[in-house]
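Each structure below is given as structure tokens.
Below, subunit A partners subunit B and then partners subunit C, in two separate complexes.
Our next item is the complex of A and B:
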């Protein structure tokens, strides 16, 4: 049952994250939404490793079934990638803020159509 | 196997060392080391599990690996010649990016491919934004966000497939003969496919691609269209190997080919125009993959990497030297090497014999059914028509430096001649006549279309994300529906 609850939570996280990404106009909110969505995918992988009554996959915890260790290993990599993505994207948001004095996507798009007039 | 892995390690390690100092020297050593290791494993090697454990990471040296390694090394050599004087961060980033793509070509493990696709997008963003121009940064940021959305879907699909089949190795998946009538598995495969399609820039899922490729600095556009797109194509090829998704790929291929072409026909910005053609040419590769013609798709991927690299190199130099981006304003302002490079590239992409495009199109059409030949014919016609726009640019004004153009031009001609001779059937006068006829008809079509000005829909950032999610659901549904 814990596994199913985690899967439901993962899907809810992706929903909230992508909703924020689409609806918010501020770039930082959008990036946070993207990151929440990505966390949903990570939680989904972790939830899949769950087995009823299983222990954490650590050597020396005693006998009995353990959770599948492979998704846990994959998730570590995915977490690092998400962190790197967010950090890098924020650097470029700072760049845009310095040069265009806005983080509003609609204003940036309007400026793009007009050929980037001086702010 | 050891040689190939040490080649990748050389690339990544020397690229990182280049950030500390002597960037050009390290980049050159990486290229030489990569070429040496390539020569050592060149005929290929069977699949091996690195680490030796049952869940080890599978790598293999098949035809895709050989083709993409050759492409990556040629592009790296070109950029070293062309951009030797470029600033210090460019060379290390290029080395690491090419190393990533070489590793992607080797990998036969879905999670490894995810990591490498993501890594290549991150490095590509740094390179796109390296010119510190606002438009490039804005295009690059959209590129990154849309790619990340796609890769999040990919991760979900990965989880579903792993949960059902318990493995992520392409060969093991193919052996288990996945049955797509299982809805969870079908949705998983659909999400994998949709995520890769977004990363590759398949049409509708990726209207970001032309802007990002067009706004990037010259050398970066060459890399993006030349090899970064191909890591997505390799992943699609691996997915097509593991799962029975040929029909979906055919559908996406036709959509991509004609959609990209439609936008390219009326685009006025030279580099964005070339970006739309990258999308359109992906259609050929996807149709090839969908038909099961792996060799044709691979040859097309390599040929496209070479001639689109040549086109972007010549066009980018022209744009940078004159400060004009519109095709109309560039007429008569190109130097001799740029005009020759642009001309050779345009002839190759239009499929004039005996250049690379002709050989690739010929091999692709060899075993194709009638309707696919018709689609190729229509695509070729449209490509020739849209490239007729560049004919006025080919009148050179003066001599100028050639940079890395001769390397790529020679590669385009060499691959074309080799492909034409080896394929056998392509030496027949009929094949040559047909290719020339298509180009001639296309040139006529261009003049017929010059009065038409349709308003093509364009959408902003938010709608891109929405359409991307909608299209992904559509692809997943298509896979599930096909399996039922």
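Our next item is the complex of A and C:
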């Protein structure tokens, strides 16, 4: 049951994140949405590891089945890659803001159609 | 382009469906406790990260290092890094930073060293150490802290830690040796690398725009 609730929450997080990623026009908001969606993916992986009545995957914590340790190991990768993507993307946003003076995607596209204004 | 994107998405979904459908039989996995005992760990996740899926972790460390180099070089290209005005010291922040720094560093070391026995490991320990550096940066100002901790030397220490992890893990992988000593050493090195990397990213962002 807790696993199902976590999966539902994860899907909701991914939905909110992707909604923000698609609808918002500001690049920083888009990156925030991407990050929230990644948190949803991480929560989904953790929920996958859940088994009813399971203990944490540490030896010697008592009898019973242990949670699946493999998704937990994958979560680490997801977090690090998420951090790396966010940091590099923020650098590119700083570049864009410095050279084009806007973070609005539609304005960037319009400027590209018209030819970039000379700074 | 759109057709290509749609086709590749369809292919991806098809691969996922094929994997879920059970056409390929699942390999028999050894039980988690056996894996942990084989690597001398009690935390099964640590045994998986640093043992069974070692390649994954090694390339993850490389991705992290490349991110840091990318942020550093990218923001250097902008050429408008200027020294920030020194932060006015508030006694409250200064005192609490002094008080908290020791426990935070000790806790980070504990999390790194005992990562194979319980919840913890190199990456969380590095994040905790990075938080300690952030606390000091709030109290002292970024530039002053950067000068105090000898940042260029620290960066070399980071590259050294990466090389050491690669050499240690690759060498042990080739030799086929396993044990808890290797896990402790790898966790401490990873903590060092992650903490210094977090500090470098923080410093670059802080000195490129605004103040911390």
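Following the convention adopted for this analysis, the second predicted complex is superposed on the first by the 118 of 119 C-alpha atoms of A that agree within 3 Å, B and C clash if a C-alpha of one lies under 4 Å from a C-alpha of the other, contacts with A are read in each partner's own complex, and residues count from 1 in each chain.
Going forward, contacts are C-beta pairs under 8 Å (C-beta built on N, C-alpha and C of every residue); 3 or more make two chains touch, one makes a residue touch a chain.
Here the structure is a predicted model, which is why all the values come from computation and not from measurement.
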Put subunit B and subunit C onto subunit A via the superposition and say whether they clash or fit.
clash
Output check: A:37 vs subunit B and subunit C. Expected answer is one of first, second, both, neither. What do you get?
first
Looking at A:45 after the superposition, I want to know if it touches subunit B, subunit C, both of them or none. Which is it: first, second, both, neither?
first
In the superposed arrangement, does A:77 touch subunit B (first), subunit C (second), both or neither?
both
Touching partner for A:107 - first (subunit B), second (subunit C), both, neither:
neither
With the two structures laid over each other on chain A, which partner does A:21 touch: subunit B (first), subunit C (second), both, or neither?
first
Once the shared chain is lined up, is A:56 touching subunit B (first), subunit C (second), both, or neither of them?
second
Who does A:88 touch here: subunit B (first), subunit C (second), both, or neither?
both
Name the chain, either subunit B or subunit C, that contacts more residues of subunit A.
B
Subunit C clashes with which stretch of subunit B: 63-71, 81-89, 189-197 or 279-287?
189-197
Quick check on my understanding: which residues of subunit A belong to both its subunit B contact set and its subunit C contact set?
70, 77, 81, 84, 88, 92, 95
So, in the complex, the side of subunit A touching subunit C is made of residues 56-60, 66, 69-70, 72-73, 76-77, 79-81, 83-84, 87-88, 90-92, 94-95, 98
In the complex with subunit A, residue positions of subunit B that touch it
55, 111, 114-115, 118-119, 122, 125-126, 129, 132, 134-135, 137-138, 140-141, 144-145, 148-149, 152, 155-156, 158-159, 162-163, 460-462, 465-466, 469
Touching subunit A in the complex: which residues of subunit C?
32-33, 36-37, 41-45, 48-49, 53, 56-57, 60, 63-64, 66-67, 70-71, 74-75, 77-78, 80, 118-119, 121, 123, 201, 205, 208-209
Residues of subunit A that touch subunit B when the two form their complex
14, 18, 21-23, 27, 30-31, 34, 37-38, 40-42, 44-45, 48, 70-71, 74, 77-78, 81, 84-85, 88-89, 92-93, 95-96, 99-100, 105-106, 108-109, 112, 116
